[in-house]
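Take a look at this one; I'll ask things after.
The chains carry the letters A, B and C, assigned in the order they are written, with residues numbered from 1 in each.
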Amino acid sequence: MQMKNLSLQTSRRDELVDLTREVQGIVSGSGARDGLCLVFVPHTTAGVTINEHADADVAWDILDSLNRQVPWGDSYRHGEGNSAAHIKASLMGSSVTVPIEAGRLALGTWQGIFFAEFDGPRSRQVLVRVYP
Amino acid sequence: MQMKNLSLQTSRRDELVDLTREVQGIVSGSGARDGLCLVFVPHTTAGVTINEHADADVAWDILDSLNRQVPWGDSYRHGEGNSAAHIKASLMGSSVTVPIEAGRLALGTWQGIFFAEFDGPRSRQVLVRVYP
Amino acid sequence: MQMKNLSLQTSRRDELVDLTREVQGIVSGSGARDGLCLVFVPHTTAGVTINEHADADVAWDILDSLNRQVPWGDSYRHGEGNSAAHIKASLMGSSVTVPIEAGRLALGTWQGIFFAEFDGPRSRQVLVRVYP
């Protein structure tokens, strides 16, 4: 099993950061021909999602829609003021799992793996695990 | 590892297509007694979810609720006009993982695996992978 | 592979029940040093999510926000009257997958694994599977 952590620095409160190239690099480095790749986010105000990475407007629309569904300034109990980020993290999820085939992530043509920041800017970690 | 792709043709813009029987068929064909089954959707305007497949009204209610949360005609940046489909794909997720036990998907009594079409009708693929 | 089922009794209609300790106990009992842990909910009106378990107000805010997005009393077709629970189950998802490292769930500092009840109180099961 290959275990690597990615470190990243986000630059806005809400941001989708494309990690596809970095994750594929870890898969390639592992030498695994097939198996599965788990991308896990160990934070509670960020998540991870797979969506289109050809047109940056898609990421913008996802973040904007989540902000309409879960407004930052709604009434919440949690005293830190970032409840919207926690809620959006659960809506996106804390991990994605992708099949590996012939040494490559079996992503569709338009798919990219995005770190989903909802309470940035922050320093973040992402765990990438390859299970051959 | 058993690797099979399902092909399907959806018939409406929004549709939940029950894949449970086809996925179980692939698990049975693999000969795996235990392990896990990953169902992965390589598209960015469709997802996959597990929910009740006994009463078709549940699927209808899920699609209707998603349309209220993410209206098709809201203002979006993405020029193709299908941003709502991208957003709903991320809300549902691009994969489900189900334990395999005694050669069967360990689904609950009421659970079925649904392909979630949000920008049909289209020809679609689903990757089904069995990891013993 | 270690296969254990957790049984729990929920006490309210909407409730996030922290299972982190029980899941870690199963991982420890398996003797696995690394691999992955799949927590799967075999129900259609409940899900599972990872979020902050230090401050109970976060769980309260998540449930409250989901109730605003998916009101219990909206117009639905499904005759049992619990469509909101089905929809919220699909939004949260039916499983979480966590890497195991050095015999421990590789959760972040603030992360806990929560059973997400949306149609309680009920007796529920959770499948915990360790794949070394």
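Assume contacts are C-beta pairs under 8 Å (C-beta built on N, C-alpha and C of every residue); 3 or more make two chains touch, one makes a residue touch a chain.
This structure is a prediction, so every number in the text was calculated from the model and none was measured.
In this entry, chain A maps onto chain C through a rotation of 120 degrees when their C-alpha atoms are superposed, rounded to the nearest 5. In a homomeric contact, the two copies may use the same or different surfaces; for chain B and chain C, under half of the interface residue numbers are shared, pointing to different surfaces.
Chain B and chain C have CA centres that are 20 Å apart.
Those residues of chain B in touch with two or more other chains are numbered 69, 91, 93, 97, 131.
Listed in rising order, the residues of chain C touching chain A in the complex are 34-36, 49-52, 55, 57-58, 60-62, 64-66, 68-69, 91-93, 96-99, 101, 106-111, 131. Interface of chain B with chain A (complex): residues 1, 3, 38, 40-44, 69-70, 74, 76-80, 83-84, 86-87, 89-91, 93-95, 97, 125, 127, 129, 131.
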